[in-house]
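Order of writing sets the chain letters: A, B, C and D. Residues in each chain are counted from 1.
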Amino acid sequence: MPIYLAKRFGLAVLVAFCVSILAFALLRLQGNAAGALAGEGASAEDLAIIVETYGLDRPLIVQYASWLGDVLRGDFGTSYFFKSPVSDLIFDKIGNTVILAIMSLTIALAISIPLGVLAAVFSGSWIDRLCSLVSLLGQALPSFFLALCLVMLFAIKWRMLPASGADSWRHFILPAATLGYYITPPFMRLVRAGMIDALSNDYVRTARAKGLPAHRVILKHALRNALVPVVGLVTVQLGLLIGGSVVIESIFALDGLGYLAYQAIGYRDFPVLQAVVLLLSVVYVVLTLLSDIVNAWLDPRLRVS
Amino acid sequence: MADLSNSADPTATAELAETPPGRMSWSRLSEHPSLLIGGGIVILMILIAIFAPLLAPHDPYAQDITNRAVPPVWFEAGSWEHVLGTDQLGRDYLSRLIYGARVSLLIGFAAVSIASVIGTTLGLLGGYFGGRVDMVVTFLTTIRLSLPIILVALAVVAVFGGSITIVVVVLGLLKWDRFAVVVRATSSQVSRMEYVQSAKAAGASNFYILTREVLPNLTPQLIVIATIEIASAILMEAALSFLGLGVQPPTPSWGLMISEAKSYMFFSFWLISIPGIALATLVFAINLAGDGLRDLVSPDGRG
Amino acid sequence: MTFRTTLAGASLGLLAALPGAAQQSENAVRFAYGQTLESPDPYFTTLRLGVILGRNVWDTLVVRNLESGEFEPLLATEWEWVDDTTLDLTLREGVTFHDGSTFEADDVVYTLSYAADPENRIVSQQVANWIESVEKTGDYSVRITTTGPTPSALEFVSSQLAIMPSDHYTGPGGTTDADLPIGTGPFRYAEYSAGGEIVLERFEDYTATDAKSAASLDRVSIRTIPDQQTQIAELLSGGLDLTMGLPKDQADQLAQMPGVEVQSGETMRIVFLQINTSEDTPNPALQDVRVRRALNHAIDRDAISENLVGEGSNTIDTVCFIDQFGCTDEGATSYAFDPDKARALLEEAGYGDGLTVELYAYRERHISEAVINYLSDVGVSVELNFMQPAAMRDAMRAREVELAQNAWGSYSIYDLSASTPVYFGGQPDDNALDPELIETLKDAGETMDTEERKSLYQQALKRIADEALAVPMFTLPVYYAGAEGLSFDTYPDEILRFWEFSWSE
Amino acid sequence: MEPLLQVRDLKVDFKLRTNTLHAVRGMSFEVREGETLCIVGESGCGKSMTSLALMDLLPRAATRSVGAMRFGEVDLTDRRAVRRVRGNEMAMIFQEPMTALNPAFPIGDQMTEAYIHHTGATGSAARARAVEMLTEVGIASPEKRLGQYPHQLSGGLRQRVMIAMALMTSPKLLIADEPTTALDVTIQAQILRLLRDLQHRLGIAIVFITHDLGLVSRIADRIVVMYAGARVEEGSAAEIFGSPRHPYTQALIDCIPQPGKSERGAPLGTIPGVVPSLVGDVRGCAFRSRCPVAQPVCADAVPLRAEGGHLWACIHGAKKDETERAPA
């Protein structure tokens, strides 16, 4: 297993490296880097100075290497818009995004695991059908539409929750519920499939034959095994959530990474955008690596061998 | 006693006895109501999109800013002149909705066409050739998966400007991963099959084998993934347009209509709910059809 | 039928909703603005919010009384033009900055010198580039020497030139070591995070004057909420006390909600389409005057003004605000809404088969859409680039923009030098770069004689209109939607004077 | 003596979309205390379904109907009652020791949980019992085993663990569903010996389900031969092997490889033909399509013949007497 993990780690590093090239290309894609750095009304001399200070006249490879060096030291450059270090901005916002992602996941799991279990235990019944209907609807309803409807009901009509912002945990409920609802279907499908698979296993029959009550059979013996692939999905979804919350964060004016990136797109603030894309990709890579490790640890068969 | 092996599940054998496996037929189709309903709605929407000029009662672009936000006919202030009312610039909402179906479907189909070509090609190469080629394909797929798709799409649209073409190309270039993963897995199975091996032995070219022997066997899975991806592409277009970085006005796109209506939602909910429901219905129908197709392709339901 | 009742129910149910208790008890105001502030320093943002913060956190040397039109003392108690290019000011004593340090002549010299130096790259060069030098003539007196006759000098002194403490900056571009910017105004920064929430607190040691009182609110928090519907939701759910800049439709509807009060006000803000006719225009068709005239004829400004913008909006024929000194539409060509004529002009110019232009815009998107529809009706198809103001400004200054939908508020300065020259006087935002216009506007800006100055401005405005170098459209009223019980006055300069705000009861 | 387990007219059906599959068609049998009853038949003949029906473990798609089914005093048609005895007085072990244990939990946990549930014992008492049982089934260093996971044990060990687990609650009846099929021949023999040994020492009744008639001869007191969901013959081991009456039983016995008699590596004997479909109504003798001595009358209801405790369902066979054959 150490060899397997070492391989996975190597792959992760390689992927992160390639993503960094893409992210670097993103900044160069929009062309006039010097002009963007110099800002408005820069004179020709200004531009020349900028080209020299930032080494924009060097070969791209050299520029990339020095940029990568900076990035590895945690220096993502300076925001065109805010004129402050990108790393400060990211450090400022990432907390909100992580809270949102974790809350969304918690909500998604709290819904999908019980429903997935029910759907599997009563597979083919109306509960199962209802669950798959809900899951289909969840995939069909645009997240931003759902978000607006939730705001209308919970914030305006019933005045139970704030409509936007990130000041307290209550502010996170609506955005987290929206994202959570949106990512519930894949979890529900996975739990259901895993449970159906687990329930058809011989060890479940053994557990029943031992006279264990149904809930113990289902919740202990079947669920434990059905949850193993869920762990993998959790890490993957966490990665996607951190990147995919752009829409939701902007609707709820939730001051997180996605919102920062969305604003950065509006300002053509490429250093920020570049940093967020790179960061999110690396987070995803790290999380998938982590999921492999956790899976290996969860499965006793892999743990020992 | 060799025939007394012990593993048979009486139900499974009975099912097999009842219906021959892997055969698609109308009688089997009728056993999948979700496919019938979903497919029916999708076909209806496609027809609406194709015949939009005949169906739309007004020019979807004709604005009349003295006659704005007229509610649909079922409200007191509504009229049959504008069945679904008019939008914030006085354009006929029904007509825009009808033309909007074109945009959604066009983007969905076009983007997924690009994605499926890329994904299928990569998947086929990886699955069939294995080894180094496969490593490269897997690597590319991993990189693609690690990119935050919405953000990258937004960034590219921001650089190149929003238009239907850009949205289609961006989504096409970003959504091939599922095709690659599934095609790779299946084609590596298929390429180990006897008839592929014998075709190889008979000296058939790789291209011939891939296109004539392997690809046809993947078609059912491809269709299933394509439906799911079309639904997801349509939703992403809507999200991009909602953020103002997708299709640009005055093109009627459902995502854009939702975006334009959002600041009216607390007072004229119908403005946002009409395109919202249309979008949800289309995506729901496609997913429903996709589920049905999946059941049809892999009857054990684990596909 | 059920669908119908659901829809109706949803809308009606909302109308019954009441905004909750506002922030009376906290004696605070929660305000939302639609665009992100790029810098807490008013010299480094063109955003209206930056101007608002500039007035609340800082003081200017003098201040204009909007009713009388006269200048009144603020940080300066007396001022006098010694000659056409020399202004002497006597400063107020006993004023302290938020950090406790005393306000002195050094601070004025430092701030104005910093702003005037183009190397320091403040965003709007015209507010200070008329300053040749500033010298300290005593602990509480300074002398400003101008580069030439500058009739509008006090306009800038009274509006944009906020006084910072000396040695506030560490380098060009507004770099500073201070955690939060420091001023002498009625409020001080308590919190600022880039793109996040800004919190102002009452400055207890503020030196109140007749022109500017001390604050009564304890606290003002300002959030960026880009989505209008989120702003409305916050207002309706009691999460916000004030927002400004909502479109007419939303303001009209909000006005009918219990618990929300909507005020509208005429403003100095003018909406016009700027046309890139410069040599490096990305769209050479725009260099053809017939095309530009066609654009003018194609758009029904009256209809947009009346239906989309609402009360308080007046159509304009020149790129300035009518109450500004020097602004007039006399003698300027006015282009009536005439799609046929527009089509004919395009035909004549060789674009009968259609023409594609890119339109950049950063606010009032609904107006952009109406404009696009009008233009497409005469065969001009428009690609819309909707972006953040700073990004659009950069694109404009790089002359990459074809058509720009601008909404210019002249920094609340009642002098034409703050409007027309910005776009036609050779300044960075100028996309016409017409030498004749640049010359005329420059002359006018340096002419002290009022009548002569007026006539030079009129000449420039006439040329802009005749050559159709822009599509002047209308003035923009601003709508303020606030919680019931919040009392405040609105002014045409769109500056929220938080120090005048209070909660009734 | 009252039989420990009594089953009369057990039927298991599976509803299909358009039809019904009759997996078990009217099985009846009895098991006495301390006795080993073997149920023998080809795969798919319904023997496993029979055992699952006893334990109320049938798949959800199955419907069960029964004339009578009693375990001692307990009515096994009463689901609540079943839950009390299942895993307690009535235990079961399965064919695949690889998969019958949950891979996610250690052995000790899986052995003790049901014991704790049924007896209310404390964790440590349960572990002590588990150690005792592991020793009982001949597992060395049982304490160490308790902490191990199933994948760390060999197949034979796992089946021993299964047996130990089944014995935790001192059951009166052990249902063993093909417990040795998945094991090597040598391990098979060990497990069989263990089961026989345990039965002698603990006095447990065993229902041993297998397709392997060869095994049956080594362990059975009584034998039920099943074919196509129904009992075709029942008798003591001596009766079945000594004078099989049903042509199917005879065919099965002919298939057993005889050490010394059949050549090593020679193809095993097979019964020609295929098992008939059990979908829809099954009339007459289900074996008649493969039966070498079938008669037209075999399509009618099959008589059940008895000779003492020896029962068989065939028109033939009062004695191995050709004259009994009905006229053509």
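Keep in mind that, in the parts below, contacts are C-beta pairs under 8 Å (C-beta built on N, C-alpha and C of every residue); 3 or more make two chains touch, one makes a residue touch a chain.
Because the structure is predicted, anything quoted here is derived from the model rather than measured.
Under the contact definition stated at the top, the chains bordering both chain A and chain C are B.
Nearest to the overall CA centre, using the mean of each chain's CA atoms, is chain A.
With every chain reduced to the mean of its CA atoms, the largest distance from chain D is reached by C. Of the two chain pairs examined here, B-C and A-B, the one linked by more C-beta pairs in contact is A-B. Remark: chain C and chain D have CA centroids separated by 89 Å (rounded to whole angstrom). Taking each chain's centre as the average of its CA atoms, chain B and chain C sit 45 Å apart. Taking the mean of the C-alpha atoms as each chain's centre, chain A and chain B sit 23 Å apart.
Computed from the mean C-alpha positions, the centre of chain A lies at a distance of 53 Å from the centre of chain D. Touching two or more other chains at once is no residue of chain D. Under the contact definition stated at the top, the residues of chain C that touch 2 or more other chains are 10, 14, 227, 229, 233, 236.
Among the residues of chain A, those in touch with two or more other chains are 148, 152, 156, 250, 266, 268. Within the complex, the chain C residues that touch chain A are 10, 13-14, 17, 20, 36, 38-39, 44, 121, 123, 125, 173-175, 193-197, 223-227, 229-230, 233-234, 236-239, 387-388, 390-391, 393-395, 397-398, 428.
Put simply, chain B touches chain C in their complex at residues 61, 63, 65-66, 68-69, 74-75, 88-89, 91, 161, 163, 244, 248-250, 260, 262-270, 273.
Here chain C touches chain B in the complex through residues 4, 7-8, 10-11, 14, 227-229, 232-233, 236, 246-247, 249-250, 253, 300, 303-304, 307-308, 358, 365-366, 368-370, 372-374, 376, 383-386, going by the rule given at the top. By the touch criterion stated above, chain A contacts chain D in their complex at residues 201-203, 205-213, 216, 220-221, 224-225, 299-301, 304. Contact residues of chain A toward chain C in the complex are 32, 35-36, 39-41, 79, 81-84, 88-89, 92-93, 148, 151-152, 155-157, 159, 162-165, 250-253, 255, 259-260, 263, 266-269.
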